[in-house]
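Take this structure, written in structure tokens, and hold onto it; I'll ask about it next.
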Amino acid sequence: MFFASDNTSPVHPKVMEAVVRANTGYAMPYGNDPIMDEVRAAIRDRFEAPEAAVYLTATGTSANCTALACLAPPWSTIFCHTNAHIEEDECGAPEFYTGGAKLTLVGGDDARMDANALDHAISHTGRGGVHNIQCGAVSLTSPTENGAVYSVAQIEEIALIAKRYDLPLHMDGARFANALVATNASPAEMTWKAGVDAVTLGGTKNGLMGVEAVILFDAKHAWEFELRRKRAGHLFSKHRYLSAQMQTYLDGDLWLEMARHANAMAARLKDGLMQLEGAELLHPVEANSVFARWPRAAHKRAHDAGAKYYLWPFAQPLDGDPEELLSARMVCSWCTTEDDVDQFLSTLTP
Amino acid sequence: MFFASDNTSPVHPKVMEAVVRANTGYAMPYGNDPIMDEVRAAIRDRFEAPEAAVYLTATGTSANCTALACLAPPWSTIFCHTNAHIEEDECGAPEFYTGGAKLTLVGGDDARMDANALDHAISHTGRGGVHNIQCGAVSLTSPTENGAVYSVAQIEEIALIAKRYDLPLHMDGARFANALVATNASPAEMTWKAGVDAVTLGGTKNGLMGVEAVILFDAKHAWEFELRRKRAGHLFSKHRYLSAQMQTYLDGDLWLEMARHANAMAARLKDGLMQLEGAELLHPVEANSVFARWPRAAHKRAHDAGAKYYLWPFAQPLDGDPEELLSARMVCSWCTTEDDVDQFLSTLTP
Amino acid sequence: MFFASDNTSPVHPKVMEAVVRANTGYAMPYGNDPIMDEVRAAIRDRFEAPEAAVYLTATGTSANCTALACLAPPWSTIFCHTNAHIEEDECGAPEFYTGGAKLTLVGGDDARMDANALDHAISHTGRGGVHNIQCGAVSLTSPTENGAVYSVAQIEEIALIAKRYDLPLHMDGARFANALVATNASPAEMTWKAGVDAVTLGGTKNGLMGVEAVILFDAKHAWEFELRRKRAGHLFSKHRYLSAQMQTYLDGDLWLEMARHANAMAARLKDGLMQLEGAELLHPVEANSVFARWPRAAHKRAHDAGAKYYLWPFAQPLDGDPEELLSARMVCSWCTTEDDVDQFLSTLTP
Amino acid sequence: MFFASDNTSPVHPKVMEAVVRANTGYAMPYGNDPIMDEVRAAIRDRFEAPEAAVYLTATGTSANCTALACLAPPWSTIFCHTNAHIEEDECGAPEFYTGGAKLTLVGGDDARMDANALDHAISHTGRGGVHNIQCGAVSLTSPTENGAVYSVAQIEEIALIAKRYDLPLHMDGARFANALVATNASPAEMTWKAGVDAVTLGGTKNGLMGVEAVILFDAKHAWEFELRRKRAGHLFSKHRYLSAQMQTYLDGDLWLEMARHANAMAARLKDGLMQLEGAELLHPVEANSVFARWPRAAHKRAHDAGAKYYLWPFAQPLDGDPEELLSARMVCSWCTTEDDVDQFLSTLTP
């Protein structure tokens, strides 16, 4: 009954086996290991992007922010949703990596940027010339921080706006695979065909130990990316262990299997929750997260039974009116079982 | 016959087993895993520093530079050896992390800072007041980039100078264990007892997959360190896999065993090399690296036999006068075997 | 009929005379000129702050941002109004100077921060610990960008909130004198007595050529300020010409006279405007700026007669429905004459 | 007898008159004043560079470092002389403006970069690929910090090396006019015709109040320069007062007259000093600075008579062996008189 975050899950056994398998003999460091060649080929193949520059880092923050620093100069702003991870959960990493760019916050339901709001924000930025911060880049997250998924059409809509203002489009795909299986789109359709210029293909939240791929569809920033990654201390000497994870992730579509499972568990969880009297969904469940609220008494029972998940926002007291609805976030992962879900649901009813 | 770098070695089997063992069930992320509690306790114990702040990162650059950024403000300079890793091999990471501090290069044999040169450099810095960069911190590396090891007395000498000018002392201990076994000093004697304020205790080059510990003996910068680490994208969500490596590293003194072995292999390599006609040592062999030169013809034979090591500097052509001496760096690791060494040595003689 | 901005005004003759007078013989550079001693004394005297650190820079951006960088670390956010100059008109200077801090935007009428909104914003910042940007400083602007003036009680209210969260309070006083004469408060009451820690005392918009004083009531950041100012290229070698301006500014209360005049002209302008059919005030006129809207036809007449002021926002076409109300900003200065105002008003009526 | 620095001199009366003259009526701010149009035209004309981008800032540090930040990315190094102003006297401003670039120090007599040393330094930078800081730009200073002047041939030699490595060449011309009259070269010959890409044309040390022009011969960085200048707080609202200074500076060749006079006074000073028993020149006197040493007793007499100049380095005690030679720096300016020089010389002999 552990729904705190997908980053609390273990590593998929196949991935761990690959890491162990990679632990033989010597290997050239810093991305020059032969497994990385396979990773590059696999990603270019899966994304139908033979010219793309492909890099690995070990954390989502470094993947997102190194890419963003290549796209948005220090005197510019990055348009993203108010609840984007780069805004809320990286302690100012975009500002650090870019050398002081801003983030301009765009609203929208379910943490999806509203296209009109984005258009309005961009069109009102930098109009005073040199006095104003300039437009830098657009960054969208799919699945969003609220568990919603951009459809390909929605990505295209955002991309169209970005292109109209000549801005590059970045995608934080910390849970990219979950979005992919939710939409049935191909990786290419979800990214460069829709107008995405750079994407973080997350692995850590979906069964890896700590690996994210950054894909730059236009390789013009490739060398700059390499320098920025090194300079930030994110170029790994024993890189083969990162490569091995990503290689296995993409092999035989393990990434999609794990994501599909996580999404299915979230759907099951949602369905069960909706049976609970007084329960309400806060956001549509389109990937592997469930945002809902239900009576405090049921929260208390789940808590007493050892269920782990976050009240969202954090600061809601578990003591108080038993009828009051408390909001929560629950995240499923590749290793959530049907039993976990069902057992959790059973704790809610007295 | 792989002597290119200790970072090309695999992970020690016990460490890999620990990583696999950690791969069970859920664990709280971001350093809140229970194994990290053991790591903290073990390091505080080994270093006799119950109050020390202890953190893990996955690369040496992030470990060194996050610590240095806590010690040296943007308008200051860090005194280090001309050949220090932070100067030569991190693509400006100290400047990035500190927000633009400088490095002041201090000479000295075998990449050890000369104490008088350091004193002179510090005493000539910042004398013009606000116009000048200010003194920030001193950073020493042991073993040095040339394979020499600071004795405890030599560290004390550097520390005394730093203290006289009220400067914090940082130690880049990417190969800390190799220095420890070379001097027979205790971790405490080698660090805080000698006057070191912050140390990077390296693991990656000595049998781990990618983990370094940062130890702040004075915890006043602890919270700042945590914020800087997060902001730089070096706080790992699936932190338990880092913890597991470091826990095993320190358990039963595996770290020292591996370092002792690597040093012994370097000594064996040096002894063998010194038998070779025309061979000369470039630096004393005090840890796990050998810097030497010998006739090109022997280099060619080794190269043809498949030996891997770097000519140092890189740009020496393998073709040319067979008598000419070419310089090389050779690094041994926990997994270098006597056979590797002997086989390599045998390739040198016709 | 020039109401575009107070920074389009010339320098007051007395100030220019002082500059010319300072142009005799040699003077020590970098703030070591004897006139600067008088400036320090005068400011400490006027502000009843004998221990304050006092510095001059030549632009408001440098004054604000050097001070803010001393107060807010890179991983923190500065709470300010959505329309604050540091947010809207400095091309990201706060981010540049602080090394990547954020600005958190707080709403409120007339560009005054709403105290409850500020409290809410602070209390919701940094609650997720290391993952979040931390609280750094609060910055208020008085008069605001909309021409309103914080009363002493309102400043105290903001300061109380800042103090409750242990945050320093910065005041952008680009038009400080205009606020002072509007409230009849003393400089001390308006600043440190109300809880302000650092203030920019503007001169450029009120009759000087280009001088702002930064006053740090707590001198603990004094040396850091000096280093940051130098490092940003804002320490003037021929500093005496800055000193001379500020010395004359404060001498015999010239600063207050000029501000009083500018405010009076704005009041006259407002009174006249309110006679105009269809005219509406957008913000209360409490200092030297008037924000109002009136029918396009009258704008067109004023424009054709050569009046200079900004439509606010810029992008309102002068051609179109003559009845439609267009918004405008008009700023008076020490040199605006009653004739200017009356002549302008007369152009509005057909 | 004031030889401490040329920045202790007053402003030339004609310049002050121009400032006073500019003080009439309203003027558009931020470089949109009509005088600035004349300045642009004058500089493009004098430098035979009709396409050049021309900007004013008020300090040499801001002029140099804003330009350098456009030329050298954060992960690069700027090659300059060990004694360059950007290295020694700007408290890390280049690092601040560039976002953490390095300076690589190149030796050479009289603070002129030695061409071979420069070539060697560049060719040894960045050879380890992504691990190393990359080559960014070359910056030379003429006249140098030791009062020497690069001949056009010497600039060409440096430029040739820079171009060979595809590096832009920046010139710190804080005393550009002094170099110009020393070489009899034209502004174009001294700069773009010799291979200089960006130059700071100093005014502050040569009779202005505080104005430097930055000339970008290739305008591709023009907009970036404007944004960086604004963001650093160096775009002046009351810009006309800067324009007026520079306009008069270039008008009727006042800049050259002042420089010619300063250089002549330095030559006279040098000639007189060389009469003094025991006096020795430390550097050739090619512009307006004299570096020499002579017996302590004579220093003491000059000091007692009220002469102002710096012992160089500062820390030489005025008390001690009267025969010992103490080194000094003496700088002449547009307002140094023959009487000043002669009176000073007369104090030296008992």
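Letters A, B, C and D mark the chains as written, and numbering starts fresh at 1 in each.
Going forward, contacts are C-beta pairs under 8 Å (C-beta built on N, C-alpha and C of every residue); 3 or more make two chains touch, one makes a residue touch a chain.
Chain labels with UniProt names: A, B, C, D = L-threonine aldolase.
Just so it is clear, the model here is predicted, and its values are computed rather than measured.
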Quiz item: Fitting the CA atoms of chain A to chain B, what rotation angle results, rounded to the nearest 5 degrees?
Solution: 180
Quiz item: Across the interfaces A-D and A-C, which one involves more C-beta pairs in contact?
Solution: A-C
Exercise. Quick one: point me to the chain whose Cα centre is farthest from that of chain D.
Key: A
Self-check item: Geometric centre distance via CA averages, chain B-chain A, whole Å
Solution: 34
Exercise. Compute the distance, rounded to whole Å, between the mean C-alpha positions of chain A and chain D.
Key: 51
Quiz prompt | Geometric centre distance via CA averages, chain C-chain A, whole Å | solution = 42
Quiz prompt | Interface hub residues of chain A, defined as touching at least two other chains | solution = 74-75, 90-92, 96, 99, 130-131, 134, 227, 230-231, 235
Exercise. Going by the contact rule at the top, pick out the chain A residues touching chain B in the complex.
Key: 2, 4-5, 7-11, 13, 16, 19-20, 23-29, 57-63, 65, 90-93, 96-97, 204-205, 209-210, 227, 230-238, 241, 308
Practice problem: Would you mind writing out the residues of chain A in touch with chain D in their complex? | Solution: 30, 73-75, 99, 130-131, 134, 224, 226-228, 230-231, 235
Quiz item: What residues of chain C sit close enough to touch chain A in their complex?
Solution: 74-76, 88-92, 95-96, 98-103, 127-128, 130-134, 313-315
